[in-house]
Amino acid sequence: MTVSTLVSLAPKHDGGLMLKNPVMTASGTFGYGTEYAKLVALERLGAIVCKGTTLRPREGNPQPRIAETASGMLNTIGLQNIGVTALVREKAPIWAKWDVPVIVNIAGETVDEYGKIAETLEGVPGVAGLEVNISCPNVAAGRIPFGVDCDAAAAVVTAVRDSSSLPIIVKLTPNVTHIVEIAEAVVAAGADAVSLINTLLGMAIDVRAKRPYLSTLTGGLSGPAIKPIALRMVYEVAKAIDAPVIGIGGICTAEDAIEFLMAGATAVQVGTASFVNPNAAIEIIGGIDSFLREQGMKDIGEIIGVAQMGRRT
Amino acid sequence: MTVSTLVSLAPKHDGGLMLKNPVMTASGTFGYGTEYAKLVALERLGAIVCKGTTLRPREGNPQPRIAETASGMLNTIGLQNIGVTALVREKAPIWAKWDVPVIVNIAGETVDEYGKIAETLEGVPGVAGLEVNISCPNVAAGRIPFGVDCDAAAAVVTAVRDSSSLPIIVKLTPNVTHIVEIAEAVVAAGADAVSLINTLLGMAIDVRAKRPYLSTLTGGLSGPAIKPIALRMVYEVAKAIDAPVIGIGGICTAEDAIEFLMAGATAVQVGTASFVNPNAAIEIIGGIDSFLREQGMKDIGEIIGVAQMGRRT
Amino acid sequence: MIQGTVGVVARAEVLPNVFLMHLRTPEIAKRAHPGQFIHLACDDASDPLLRRPLSVHRIGRAGVAGAKAGIYSPSDRRESSSVDLWRPAEGEVSVLFARIGKGTTALARSNPGDALSAIGPLGNGFSFDPKARNLLLVAGGLGIAPLVALADEAVEREMVVTLLAGARTESGILPAAALPPEIEYVVCTEDGSHGRQGVVTGAVAEFVDWADQIFVCGPRPMVEALIALRISPTKSAQVALEEHMACGIGACLGCIVQTRRGPQRVCRDGPVFRLGDLR
Amino acid sequence: MIQGTVGVVARAEVLPNVFLMHLRTPEIAKRAHPGQFIHLACDDASDPLLRRPLSVHRIGRAGVAGAKAGIYSPSDRRESSSVDLWRPAEGEVSVLFARIGKGTTALARSNPGDALSAIGPLGNGFSFDPKARNLLLVAGGLGIAPLVALADEAVEREMVVTLLAGARTESGILPAAALPPEIEYVVCTEDGSHGRQGVVTGAVAEFVDWADQIFVCGPRPMVEALIALRISPTKSAQVALEEHMACGIGACLGCIVQTRRGPQRVCRDGPVFRLGDLR
């Protein structure tokens, strides 16, 4: 019996951004893919999302950049990356030869920057889609993240939409009261899909030094600790919007991934878990397949959103 | 050498709600205190906050009510409690004999209910203060929690303030974009102190049953998993407001508590950790004392807010 | 009820994925009654976070049939081979548990000599009807765990005990050596691989008239089948329930079960309830 | 670089709170170079979450002085007593680590026979200057861990090695038996309880002219003191750095260190850097 795990991340887009399975690696946690080439059978992945890419190269933040917390970690990498020009020159040609779609995660400090990055990536072989990270601080609005405001978020999406013919995924921040409103706003502005969640804003304090542990005081919390929050948000957003949702947050095992799919996610991204187990995504793909077989199911679609149906009694 | 750990939770209030040490037990995690009387030397606690109390008794939610998550737990107890009348009759007289202040956590579904509960508790011996839980759904506003809206939150505080001469702590929900704004609003409305955080909204899915695990679909996430988020919010709020902040969220050890104090909390509450170790709060009190001695400090005030000072270099 | 450290004296996998552990804890052994439980921490790190409740399986106490003679010093480490596998020594209690998730997996890794953090004994325990002489014990799967302590005490009191034990297959059935020899042991397996074929509740009818009192522990569907039998209230049928627990002490209200007496906490008002009170 | 399971063959507390562990991992043993590290998972649960990087302390490989003869089957469990404590057998590598936090505490609890998840060997490793003959190795505290593998290989290549090892007190100093016998071992303790009194960097001046090449591993202040000595670049001084790591593979950018060549990843571009490149 063959089981189909094909999913489309952009059903309204030409080409549709079809993935052979719904398991992707999350931005910032799998580098440019190349770092893992020796350990992981990359061609088996649904897709790879590369490190957040900015218009110009960035050196990122001072040390310390990471702190471990209970079942999680805080990071403040500060979007260190080679910049979109180097990416087009050095990374995209490698990806073009791979048998796995690579999605470029992009980040700007102004609406204009987002548009320019998207423009630079237009028509570049090896780039299958864009994931627009709107958790970055909007320098124009006093460093408030774009993603906490419906209008700012929509403006970013419009700018990217206007500069790109690629499928556009918009990555939402969880640090908001009503994530559904933001999701609705970005879909209305032309997002093909949304991905959530990015990291939760957190802090650790070094009690010996009597100061915040990370160089930038706060950092982004990721890992299994945040899974329940992510799952709740995915459930809420999937219920509200008519576009694919990509679930992210603390996914380590096939069971975790299936929870997100059942909550309504069309696909998932594996983040921090890849640090712990570079083959986490590959093992999850195998585990989902086994689960579907065990349940006598023929298509991944049979589990997507099933937990939306009803209340437990 | 003696070390002073005395703190005031309501410096602008007559009496001040002085605690012999800054370690309290959190609402809903220590029952009415009586449940732990055999295992824990209650009189050594800074204060006890009792289970959330409503105007009328409540039976709470169906099973399952709790789910374990990575370094955390979800709960949907649903404010099961004996109601304020039974509390005044059965519990307060016991507390009046204890050598530890007991603060009553109160919860209403309308602004009016908050006022009525506060009225009922006015002048009752054994009740040292009120903690106003504004995470409850505001039935008048379509079940949106009071605590996510500055005006609704302020209205609750005003109602309680008008009905009570007790010190008032307002307990904030973390499920908001800008927690500082809510904190400022409740302090402006007359809160003597704020406590944070309540639980984060989360979900778990039972992949075998293909539905959300908890009877109410979502539940509140607590435990070590949420500590980094809580600490960040305490840091932000303590920097912004001119009233004591009580830090809550994942505190298990003295080091955890000291992180919150250094972030600017005047006191802390121990929640989920008491389930794991009923003597967690007692051990934390001892650990803070040892830390102060080790550092050659004479007063707990020497660590409160020290991490607010500066950036790491 | 105490909170403290207990020492793992022995651990053995007595059935596939089922572990028996002897814990040295004179204070709990002194106080424990059949039907009560111990709340055990599985790990010092925070995942798994919560304690796990396990029934007192047998109690090592003078005057309890399950206890072997002999006094051990607190530092005592015995190798599994030198332990009387089935009977905890004086000052010890044993627990019998299935390895199902991360908590019990961590517990199953404990070695003799390890220390675990425990709270106990917790809950109310079973109570004997002073007039009862013939006792029927009905166990589904690992529900047998608390009933063995009960059987020990009943034997001590010279009562007549029949234990009906059911499991899916023979691999879920304890050997007779695991039980006090004085009792009658009736085994049912769903696939007929050991004892009678069928579910354990099917065999209950045969013994119910004979029994003066009935004690039950097992999965929820089994308990419901027994409720459906409408056993006469004069038999004082008691059932030990399970619910997911956080505190184990009555504070969190996580373990509520609805009864005819209103919502009750399994950890503190139970885990033993009158069968007739359940809905 | 492989990801796989390694077997704990032996574990011993060789100094107070310092553990030596032999790991059976033919694939890593075959590939590892001195200065590289292994990224070890400490627990299957998610707290602690991240792997912990530990240097390859000695390598059991034919042609490496640290290796003892003998081939072991994968199922091999040796008791600590029957192991050559200091030398891993062929197909094994050893790690030497301080128990400081929850990760190393969990690791220190591993028993012979346990399996651990490992990724390795990772990082670049030390490199010999082809013209070098006299090597000066400078270790602060547990910084000695990777330098022993280096000493083994240098001895194999018939180089002349002096190892300066510093610690707070004698309880932090490895016995000479822990090192290849061919090397000169100079001990410094801050309290003078063993060897010379003072910090190890104080003794460096005496050997620096003699040395053709210098290898350093130790706490950051020690490294900074060495940078301040402005050792001639002709000595090709190399230093193994530490930074907090998540991936260990070059993907997360958590372990960046600023160098004269720009930001570098300790895990992939290092952990060994030219002393002269550090700022």
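As written, the chains take the letters A, B, C and D, and residue 1 is the first residue of each chain.
FYI, a contact is a pair of C-beta atoms (placed from the backbone, for glycine too) under 8 Å apart; a residue touches a chain by one contact, two chains touch by 3 or more.
Since this is a predicted model, take the numbers as computed values, not measurements.
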Exercise. If you average the Cα atoms per chain, which one ends up farthest from subunit A?
Worked result: C
Seminar exercise, completed: Distance between the CA centroids of subunit B and subunit D (whole Å) is 47
For this session: Provide the C-alpha centroid distance between subunit C and subunit D, rounded to the nearest whole angstrom.
Result: 50
Exercise. Taking each chain's centre as the mean position of its Cα atoms, how many Å separate subunit A from subunit B?
Worked result: 34
Problem set entry | In subunit A, residues with contacts to at least two other chains | 64, 70-72, 223-225
Problem set entry | Numbers and ranges of subunit C residues touching at least 2 other chains | 45-48
Exercise. Quick one: do these chains touch in a line, a ring, a star, all-to-all (complete), or other?
Worked result: complete
Seminar exercise, completed: Given the complex, residues on subunit C that touch subunit A span 45-47
Seminar exercise, completed: Per the touch rule above, subunit D residues touching subunit A in the complex are 1-3, 41, 46-51, 117, 119, 243-257, 262-263, 268
Exercise. Of all residues in subunit D, which touch subunit C in the complex?
Worked result: 43-48, 102, 106, 111
Exercise. Which residues, counting only subunit A, touch subunit D once they are in their complex?
Worked result: 28-31, 35-36, 38-39, 51, 59-60, 63-68, 70-73, 75, 77, 80, 223-225, 252, 272, 274-279
Exercise. Which subunit B residues qualify as touching subunit D in the complex?
Worked result: 70-71, 224
